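Here come two complexes built around subunit A, the first alongside subunit B, the second alongside subunit C.
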Partner chain A sequence: MSTVSGRVLLVDMTTRATEVQELDPEYFRLYLGGVGLATRLLYEHMPPGADPLGPENVLAFATSPLAASLVPTGSKFAVATKSPLTGFLGDSISSSYWAAALKQAGYEALVIRGRAEKPTYVLIDDDHISFVDAEHLWGKGSYATEEQILADLGDPEVRVASIGPAGEKLVRFACITNDKERQLGRTGPGAVMGSKNLKAIAVRGTKPIRAADLDRLSQLALDMNHKAQGMATAKYRIIGTPTNVLVLNRLGILPTHNFQAGTFAAAEQVSGEYLHEHHWQKTVACAGCPIGCEQVVHVKNGQYEGAGVSLDYEPLFALGPCCGVDDLAAIIKAAALCDTLGMDSISAGVTVAWAMECYERGLLTQEDTDGLELNFGNHQAMVALIERIGRRQGLGDVLAEGCRRAAAQIGGDAERFAMQVKGLEMPGYDPRALKTYALGLAVGTRGGCHNRSAAYEPDIKGEVDRFAADRERGVLAKRQEDFAATLDSAMFCKFLRGCFQDFYAEGAEFYEATTGLALTAEEFKQAGERVSNLKKAFNIREGWTRADDWLPARFLEEPLPEGPSGGAVLTSDELETMIDGYYEARGWTSEGLMTAEKLATLGLEDLLEERRKAV
Partner chain B sequence: MVGVRIFRTLLAGSWPKTASTFEFHHKLRYGGFLARMPCPIAIKADHMRLTVELFGYMRALAKAKQVEVDVVAEATLHDVLDMLVGQYPELRSTLSSPDLPEWFVFYLQDEEGHYRASPHESRLQENAHILQENAHILLVPTQAGG
Partner chain C sequence: MRREFIVCDPNKCNGCRICELACSAIKESTHDPMLSRIRNVRMTAIVMMSVSCRLCEKPACVTACPRLALSQEAETHLIKIEKSLCDGCGWCIEACKFGAIALNRDTPRTVEICDLCYDLPQPRCVEFCPKDALTLSSPEQVGQLTRRDTLIDLITELAGVEQL
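Presenting the complex of A and B:
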């Protein structure tokens, strides 16, 4: 007997109509939940070719089937939408109490479409749904918005997901913030929310959550809690992901000066170790998480005194070495600004780095920057520009479009320096000396994302030679991508992955003990492959072609200039070969399209039917 | 005056190799991370000196960024780990774990100056890579992401 309710709340912002749809339990065997379920709902509810910022686009939220249970790190949720940044699938993940609240309100998922006439927030109070005027919240940052809603409702147990000014202004990489400091960060779901005049989604859930086999789940959870506080997560618990700064710098793959170099002279000054020693304030954990990876840091004195934020490696790289900034206080300030304004700090940092390179090459002048001297390393200029992006002021209005669109506006060679894949700004690893990762980036449905492919692992761990490329990398990239898709759909935190001996077998056991849905390890694994294919099917429907699976010219033409990866470059032939190998490993055609046989194998025949109807 | 002269010498990067001045030098270079540096002064004839760089919480536990270890000639990475644990008992619970290869990767520099991973060296001791004199080893936590 399954404990999954299968209930999906459908909300139309235009008409203020709401409806509850009951999903076939089979959905939770095929797509598990989280990213898989959200993508499936997006596919079904959004008409093909919808404008990402138009009322027809859909925000599909889906919780983890493990949310609000005893499963460590299980309180997570995902959103899937058509990204205003890439025009393809924009899926994002966040954690903590909002996920549990939606589940306790009785919903596995929430689908929002349409556009409200004026700023509104939706209040989900178990079975009662209301549309609340949000004029008084418009213009407020995410944190202030949440505080105000809690004050208005007089209930601190209400959980809020909201947008800041960046989402209201349709900054294409605006994020959604929940529980004050967690974000659905990448690909711009905050802009989609803003386009719907939807300031926030507040949830009060009071219903009990039942486990299918509580005794078994308790034992599994106890064992996993023990492992999650051991060696496999030590890096995250003690210093956190900023540990990566010095490691990647030492390997020569720390993106510096807009990916012009792989080493940063001031890496020690912006390292996780330095950050921990000089700026650490406290460590915070998401709901139900035994790891506690969030390292909250603050600035004690100087011009940025009082700034504080939970800082991970990615914002640190993007606002630090990538912009040539060696002042941790400025990085903390800029990251805090991104959070307050409600925008993805990776995209913000990499877009500012692009503007800095354009400025140094004369493609942007001081006239364009409203007087800012936008040289690499000028942290005051970076902080000022972040604020302008979030409010779409001056040059910030151009940069709010993301570096690909901004480059198209500037023209000339500007596009050459836009470090993005499919429009999504690059994360903090240089692919010239991590070649499986390079493949993962190129073919990823999300664009420039390290999390959905996880293809850096075989390179970093030395499973393969990180400097070499061959057709077999396709098999590895597929393996890693499917693994990530399973994690993101069942919704275990990726930081837990080292705690499993046999992830697919153990994950399926957790899933069954929680939901009552029995899946073999192989079926659990195949769910990941199915979700990977579903994501790709969405992109194909939205106009994807093989040409979209490519990397910026810099990686193909400019070797890393120096350091422990000096001279490394990725040739076009290498990339083509790896992509061919990836399509082959996936069972797709040489053009990267899915065959009817492949779709049938994965139980996705209905996608084929839909394609035939469209033809 | 003698103290000032020693101080200047240390800052210039050359220093007399006595235990006390080495420790002093190390304090100067590594500031807050230093607890002590029990590095041997002389190397036995059948030994060689290697350098290991530590990162993240390993560095915090050992309170050192970089450690020099003396190991027997033809040592493997496994021998280096033993020496590290001997010098830094704080690392014992970490480095003596049977699952160590899952969580750490050793990187060694090749002839081109590139750092390449040797992930299974400590586990496969019999076939392990024989280290060369003056080898520089990066001991890297592999939990990537973030």
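Presenting the complex of A and C:
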């Protein structure tokens, strides 16, 4: 027995054709599932050079092979698509019941192509697939959409992944929301859904999931559930990720005023500790998670009274210090708006911060902003602008393109302080004083993302001198990326990582007990490296060159002005050297391309075959 | 023997639904929430709890069964299902005010009700619950714990201290 059915559901929105294919069982050894499998399916099903918002782009969803089982934090899924923000791989992860439902409906993956004539939602009811009119849902927020679908179907066991108004309006950083409050957040998959006139994917899955060795799995899960209550997860369980605010402020790497500074004067007021004391309601968990890290917070009084959201560090930094906003109530309101409209709050916040800097430098005037005084710290202007972005009104229509495209439109100096990598807005750590992380950001396949390498870990934990840069950082960045790729493909939550003594060995044990596929620790680890290379291969096919692996000019020209990391800067030479070291560690050419030998070592020869055919 | 059942503290329950997986794993050797004898309900972002058989004093399910397939064991208060008589009609499911009865879709269709894992040292859901939200308690214990919590709240409020 195995939890892996090996079935992929292909859906064409244009023709309404559906088909179930059996995947090569070897895929679950090579790519595991999740991000690895989704990327592989995207690679196979999307024609090279597709327009991200055209019908030929593909949304490849893949569940964890461990989903819907007792494996702690295993109920996750990923989507891979060509990002409308970066033009490269857009892979995103979410958790909870939708993943379990797709798995229980009998599918490892779901590949969607084409474009419906009018607003439609897809209902996957085990083996029955239907296309349902969604005119009455168009314009509704994600939460309301899900409520309406459940009411229409009269079944609370149906799980929904949907887009909000931002996805409908093709905001390039629109997200997909599932189970009301979880998001496939980054790189704009919601805009791709919107471009397909696909409002939602509702799933009813009723098939049991049988593990290969249930007794062993139960024991492993029980042990891990206990470990997950220990010190390794205390940060997430008690205050949650917002606890980062004060930690990063103390290190002088809390991005403030659109990355102009690394310390925020009002850090205490927007800290996780303050949030917990004044706004916290409950800490909740995703499906099958023994940790529980989601901090549900709300505003009790004042102008934002009633606003509520599950708040993590990244939205908090983007809508808080990055915009100079020192009012948690406003941050909660703005984050809740992003969720309702269905857009990535990191990209939204960093894009607003960019607009604020444009305004303060005179590149945008009050005429451009329709009267908003867009100075740093003006939280009312921020909240108003977030709404306008989600609905593409006024200046919001420009900002909905993301800060890279918006800067190109504004012109002048604006591009210099558009804080993005490959078009994806940056997360909340300053790379000038975290050199390994700087490298991870520059070379990451999805652009300005902290999750696909978490390369700040060796910097912050003191494994290396965080201010110094050298060639060896390439080895660390590779190690971090491959670790994240295995985690994201087998799909364990990153917050569980500290509970493993030896992740690759223990992870492979979970994988075998669940799926029946015996992988050695080394094979499990190599799957991560393979997935990292596969992601890069997709980007190369979409026209990537070495010049794309670079960071915004601000980090290379302006030292951090003050605080514990004051004076820190990243030179072009340092970045070049680290990138050289990274390509070398990867076994790629000095231009960052893959050799036939390297692909063969990883069992990715068929990518090469395809490239030969193309030439 | 005193009457005990699975009690869920909604303040501790965080909606992970591990209890459902643990139950279906031990009872049906599979992962399937719909076969679980304990079900979790998440009403809003912060309101959630798990529910299973309360081992009622006058069980409506037993009264409702038209085929006399259900009975209550005098000593343990457990609801017993005579599978050869049950045809899965679902009257008991409707009668139970707690929604604590599951329908087993496998052939032959029968209903499934929590038996507190009487053959194990403790109920599997209680053992797996990562937040200790589930306990095996009697109504008397629940009452006493509630009184205790209320008193703590009251004293805390009166004393104006955050913790005792």
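We take it that the second predicted complex is superposed on the first by the 612 of 615 C-alpha atoms of A that agree within 3 Å, B and C clash if a C-alpha of one lies under 4 Å from a C-alpha of the other, contacts with A are read in each partner's own complex, and residues count from 1 in each chain.
Note that in this section a residue touches a chain if its C-beta (ideal position, glycine included) is under 8 Å from a C-beta of that chain, and two chains touch if they have at least 3 such contacts.
Given the structure is predicted, the values throughout are model-derived calculations rather than measurements.
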Joint occupancy of subunit A by subunit B and subunit C, clash or fit: fit
Which of subunit B and subunit C A:Ile540 touches, first, second, both or neither: neither
Partner chain in contact with A:Ser310 - subunit B first, subunit C second, else both or neither: second
Which superposed partner A:Asn451 touches (first subunit B, second subunit C, both, neither): first
Contacts of A:Gly288 with subunit B and subunit C, given as first, second, both or neither: second
Vertex subunit A, arms to subunit B and subunit C (CA centres, degrees, nearest 10): 80
Contacts of A:Thr206 with subunit B and subunit C, given as first, second, both or neither: second
Partner chain in contact with A:Val569 - subunit B first, subunit C second, else both or neither: neither
Smallest separation of CA atoms, subunit C relative to subunit B, angstrom: 9
Overlapping contact positions on subunit A, where the subunit C interface meets the subunit B interface: none
List of subunit A residues in touch with subunit B within their complex: 231-236, 238-244, 246-247, 250-252, 272-273, 276-277, 293, 312-314, 433, 450-451, 454, 456-457, 460-463, 465-467, 494-495, 498, 564-568
Interfacial residue positions of subunit B with respect to subunit A in the complex: 32-33, 53, 55-57, 59-60, 94, 97, 99, 102-103, 105, 107, 109, 112-120, 138, 140-146
Subunit C residues touching subunit A - in the complex, by the definition given at the top: 14-18, 21-22, 24-26, 28-32, 34-35, 45-46, 48, 105, 127-128, 130-131
In the complex, subunit A residues that touch subunit C: 3, 68-70, 97, 104, 157, 180-181, 206-211, 214, 218, 221-222, 225-226, 228-229, 281-292, 296, 308, 310
